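Pasting the structures here.
In what comes next, subunit A is part of two complexes: it sits with subunit B in the first one and with subunit C in the second one.
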Partner chain A sequence: MLIFASSDKGGTGRSVTSCNLAYRLSLLGRDVAYLDFDFGSPTAGAIFEIPKMERGTPDGGLHSYILGEATEPARVDVRKMTERTSLQERPPGSGKLTLFPGDFGGAEFHLTDNHIKAAMKLFHDVEREFDVCIVDLSAGRSSALDISLNAISPRVRKKKQDKDKDRIRWLLFHRWTTQHVIAAGGLLFGDKGIVPYAMEVGFKRADFMRLVRTVRTAVPDTSAFGEKTTAEQTLWVTRSDDHLKALAKGRSLGQDLLAGTTPLEPMLLWREQVIMDLDVNRRLAKPATAQAFDKLATKVDDDEAWEGI
Partner chain B sequence: MARSDAPLDSPAKHPPAVVLGVVTTDLLNTSEPLPLEAAQQALKLLPGVAADSHRHPVEQAVSPDLFYGVDCRLATIRGAQPRAIGTVRARAVLTAGHVLQGSARVDVVLDASTRRMPWSYYAACTGTVEAINKADPADLVSGFLKTPNGSGLLDLGGIGTQVMALLDDIPQVDGRADMRTVASRLRWAVLVREGVDLDAEVVAGSDGAFQVRMTAPSELVPRIVAFCEILALHQWLLAALKNAFDRAGRSPKPMDELDPALSYLGHVWNPTAHLPTEIAWLWEALEHDAQLTWEWESTVTRVRDKLSLLTRKAIEGTLHKEFL
Partner chain C sequence: MRIQPRKQILDIWRSMLAECYRDQKWIWGGRVESNPISDAEQLLCMLYPITQIETFAVHDPDATQPDVLRALRPLGPEATKIPRTLVDVALDYFQNHTDEREEPRFAAGSYLRGMSQDAPVPQDEGLQRLEVVDGYSMSITLCLTLLAFVNDREEHETNSGQHRKLVDLRDRASRRLTAAMVGLLRSFVVNSVSPESSQGRAILEMLRQGDTTDAELAQGLKIRFDRLRAQLKTDLRLSVPEESKPEEDQLFECGWSWGIAKDAKVITEYAADSSMSSKAGIAQPRPWLYFTVSALDGIVDLNSRRIRALNIFTPEQRSLAEALALRWDLTQNYWSAVARFDPERWPLEDIPWRTSDGQESDYYSLLVVSVLIQDLIARTATDADLIKAVGIIEELARRGRITQRMTPDDAAMALHYPGVPQGLVGSEVVVGTTLALYTSDYAPLIIKRALQAAQLTDNVEAREALMNVAEAAMDHLDERRMTRDGESVELWDDVSHFPGLESLTFQGPSWYFTERVVEALVATAATYEKEPPRSSRMYDHLLRLLNEADHVYNKAMLRSNVDDRSTLRDRLGEIGQLIKRARELRRRRTSTAIALSERALRLLDALEQADEDAGRSR
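Presenting the complex of A and B:
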């Protein structure tokens, strides 16, 4: 299965949520590959706490691979290379977790047929080895996104078996604020958005929309005001939330498209990292955060649950 | 056009100081193994040259040698990385219609010339690269084995993968292998010494894959290639079967992991099948230390036992439902 992680703007928590999704899927027993396609600023190395890879690899990362400069992309076993001791253990029943890092000092590039072919080959290779491959795209409409859409278009994937077995998911991450909801709607449906481009490369609109789901990130509740909230604050939060729901629905980003919601997590405000159950047990992270990542992983993994969203 | 002062004698006159090779192994991406005739057809990678093949005891087809031009650096541990130019020899090997290998190797000639020659000079001697800077042969062997890849370095693994990819687009291959597999890489290097007895050391590299370091006369190289391909094949088989067993332990559909693993790979193990006699002792020594065949047999038994248990459970489940 291929999961693409896109977002309207930077700072939505796309990468940190995707890394946590990858981690949770590996706990479910899946062999997971994480492909850092955020060519301008690869960050997965930092989130998985892999030294010397905080901003991508110096040699032969995905950027070089797509450009044809490396014959195969660099890869790291996250559990072997992470500095975080608790993450090094592979719990019984869990699968592999492998990072394909971006390049240090990589940049965006033009879209060419060769880049698309390289991406197709890459997806083909990782799908043969892993159950789930998460492709973390840069924010907005980027060449990484365009290459990906071309590489999964029905025109080129027709050799794959029957359509129902071709498992692709497209996640759109956005924060739960007015600006972000508007921007996410624009990125998905706008003139230069994802959906029109998907149709340009050969998808039927309905077929592509079947792949797309949204994830609302860092959604606050009244506790964000502090321990004691006033009645006015509670009312205001409810009203704002309702307003956002209406706004999202009006922009076709309503419940029917929603794959999951992650709560505002103080731990992640300081440091983008993997939230382990251990962090919850130590009472550092909110139980709701771990649950949200877990729920998202379970949903993504289960075809029926995914269809039923 | 060659310049008048260029040494135009054939590079073949210079014997190789070192031979380097990489064997990449993975499952051919197809749901059913190719019958031998289809395999022969698929591996006819050069027009007019038939694939080599044998039917017994394990079906195997070997493509003709293909050559890839390179102009690259050779990895070293101590010295500067010499620049080497020439062609790499590569072939595809398909065993039991399903396990595909890309095997690439190159003879490295030292001290033949100190500057880049016209391409025709290198093209005249296929399968050889010439280093145009000084290098110590033993250092090249160590550097090659200890440096898996790096930009600008000789990439035999990449060339092997390229040969394997030639089979992805042919009509006989449906792209629907039912099994998750990991490609493996076996690196090997020979320090060429004429008139000595073969000396070999097999060690596990950092990624768990075997590496073979040898000192041998050049006439043994073709047999060494065969040995390394056999070793790579069997190490991959063992890893692939264990991976399937491991995955079955955590999969919601364990049968879907075990079933293809057993039907694809269960019958392929036969390390001595095409093993050249001159080098058979090396396999025996390896068996003595690592007991690969014992490990294979016990893994097959585990897979079969698990399949029988799952089958019994499934039957009991059905019967139980009928009685209710």
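Presenting the complex of A and C:
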């Protein structure tokens, strides 16, 4: 399965949520590959706490591979290379967790047929080796996003013979504020948005929309106001939430399209990292955060739950 | 106790789902085996609040309230799944209660009992032919609810397979609705009797209150009933059989029998292909008060503004609704004339009410109250009439041992358990013995009527009295909740705490009763949704307060330094806001506005005291 992670703006929590999703999927027993396609600023290394890869790999990353400068993309076993000792353990029954880092100092580049072909080959190879491949795209309409859409277009993607269903998911991450909801709607449906472009490269609209789901990140509740909340604040938050829901629905980003919601997690405000059950047991992370990541992983993994019928 | 519809309905849902939704399967039936009426009631426990109260709606997953979502979680982990599960359950209902020729089934089945409590009910084929008006009117409520739900749901359903289910559900609900309307139409009866017959004497006895002379009585009958008599005789749309038309010297009653009347005409103008239009009736052709009120309630729903606005009827259904509305009008006028025959002393005040077949019960008085409330809604009764009705409702609450204690061997006990038997005269032709339907909804009915009445008045004392009755009845219901593993759950009905009934055990929830409680809660919610009543005396008081506050405030402003940026300026600003807000609220929330004005006055006085203190000379 291929999962693409896109977002309207920077700072939505796309990468940190995707890394956590990858981690949770591996706990469910899936072999997971994490492809850092955030060519402008590859950060997955930092989130998985792999030294010397905080900002990508110095040689042979995905950037070089797409450009044709490397024959094989660099890869690291996250559990082996992470500095975080608790993450090094591989719990019984869990699957592989492998990072394909981006290049240190890599930049966005132009869209060419060769780039698309390289991406197709990459996807083909990792799909064969792993159960789940998460492709973390740069924010907005980037060339990484365009290359990806071209590489999965029905024009070029061969029908799998053994399975009737081609398992691709397209996640759109956005924060739970008025501006982010509007921006996310624009990125997906706007004139220069993802959906029109997907149709341009050969998707039928309905077919593509079946792949798309949203994730609402860092959704606050009243506790964001502090320990003691006034009645007025509680009422205000509830009403604002209702208004946002209506706004999201109006922009076609309603419940039908919702894959999951992650709560505002104070730990992640200070440091982007993997939230382990250990962090919850130490009373550092909120239990709801770990549950939300776990729920998202379960949903992504289950075809029926994903379709939501 | 204070009635809290939101909390209570959600609690009922939780208890209900724990009871009848296991392993993602809906379990039909409760105290009695599944039958079309009980199953409709069971489904309505869930769907009625969902479609009637805005904040309980689930058709739009983006607007579903979080507490509703949590209560309904067993139906689906997500807001999108819940309405889909409900659609499946509703489709299952139609699957179960439709016969092999695609005709809806209405038989009362397991609801029927012998005329005496313990008499066995013959289990034969004939039982399936016994349909009662309750079945039709409950189906009307259910189908209208489902049609409204499908309507709301349609624009939010994006999945095409699910969309097809909605279309299927609409078809089935619509077909059943037509059949139920035809059934109701064919159960309408007119019963004409001579004043000397036993029925005639019973009617006259109920009408004659105090020292009415024969001449006064005759005069009253003429004024009150001549127009109705003329309409029954001449209005072709009513198609009253020749032999039922009231002669000049006859008394008459009109309303609903317990089922399709014996010798009811075959209907050819509507739904001619449905067996409902032609099947032979067996019910004795005279009105039963209980079934009349049940039909009247159902028809009110059919012709409500809300349903009309939805535009869900087929042309055939529209004609049927009109035909039923015509009979509704006539019946309402008839019973209203009977209930208030003598304006000085209403027959309705003479509790208990006696029916023309000689039965008397407080329950019948409560049923007639509903006719009176409809008069109030239609503004053919006045506020003075309402005050009188309040007295009657309070009296019925006392007599029904809702506001009073129940004693051993209390005659009122039978109102609640086993209920008032409605003998289905004519059923013996089919099953060999006369069967009965037991009605035990006295307590929830009192809540519903008290709250309907409360909505109609701005008389604060009358509202207070009605709310007190409703709250007392809710206390009474609270004690009748069932127990599961030693804990009370929000399901009914368990009366083992009544003196003398300690040995009884009650298994399975009664959906008949639980649905009535839900209806009462929905009626309460509707009352709360409205703005509180206004009182002109309070309004006068408010204007005086505002006037003084304004005056003192203006004076303080006049004397305060415009360049001041201190806390004093803030305080004056706050007072100005209070006065402004009080003015905005003066009509909508008079009492709130008074509270705000009072606060403004107190704050102004504190400033004045400081001012005075500073200016005092030793």
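Convention: the second predicted complex is superposed on the first by the 304 of 309 C-alpha atoms of A that agree within 3 Å, B and C clash if a C-alpha of one lies under 4 Å from a C-alpha of the other, contacts with A are read in each partner's own complex, and residues count from 1 in each chain.
Assume contacts are C-beta pairs under 8 Å (C-beta built on N, C-alpha and C of every residue); 3 or more make two chains touch, one makes a residue touch a chain.
Note that the structure is predicted; figures quoted are calculated from it, not measured.
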item	value
Overlay on subunit A: subunit C relative to subunit B, clash or fit	fit
Which superposed partner A:Ala246 touches (first subunit B, second subunit C, both, neither)	second
Which of subunit B and subunit C A:Gly60 touches, first, second, both or neither	first
Three-chain overlay, vertex subunit A: subunit B-subunit C angle, C-alpha, nearest 10 degrees	140
Which of subunit B and subunit C A:Pro220 touches, first, second, both or neither	neither
If touched residues of subunit A are counted for subunit B and for subunit C, the larger one	B
Which superposed partner A:Gly186 touches (first subunit B, second subunit C, both, neither)	neither
Which superposed partner A:Gly254 touches (first subunit B, second subunit C, both, neither)	second
Shortest CA-CA distance in Å separating subunit B from subunit C in the superposed model	17
Common interface positions of subunit A, toward subunit B and toward subunit C	none
Complex contact set, residues of subunit A against subunit C	242, 245-246, 248-249, 254-256, 258, 308-309
Residue numbers on subunit C that touch subunit A, as the complex places them	60-64, 78-81, 84, 156, 158-159, 161-162
Parts of subunit B lying in touch with subunit A, wherever the complex brings them together	26-27, 29, 149-151, 155, 157-158, 161-162, 165, 168, 175-177, 180-183, 247, 249-251
Touching residues (chain side subunit A, partner subunit B) in the complex	29, 31, 59-60, 64, 69-72, 93-95, 121, 124, 128-131, 159-161
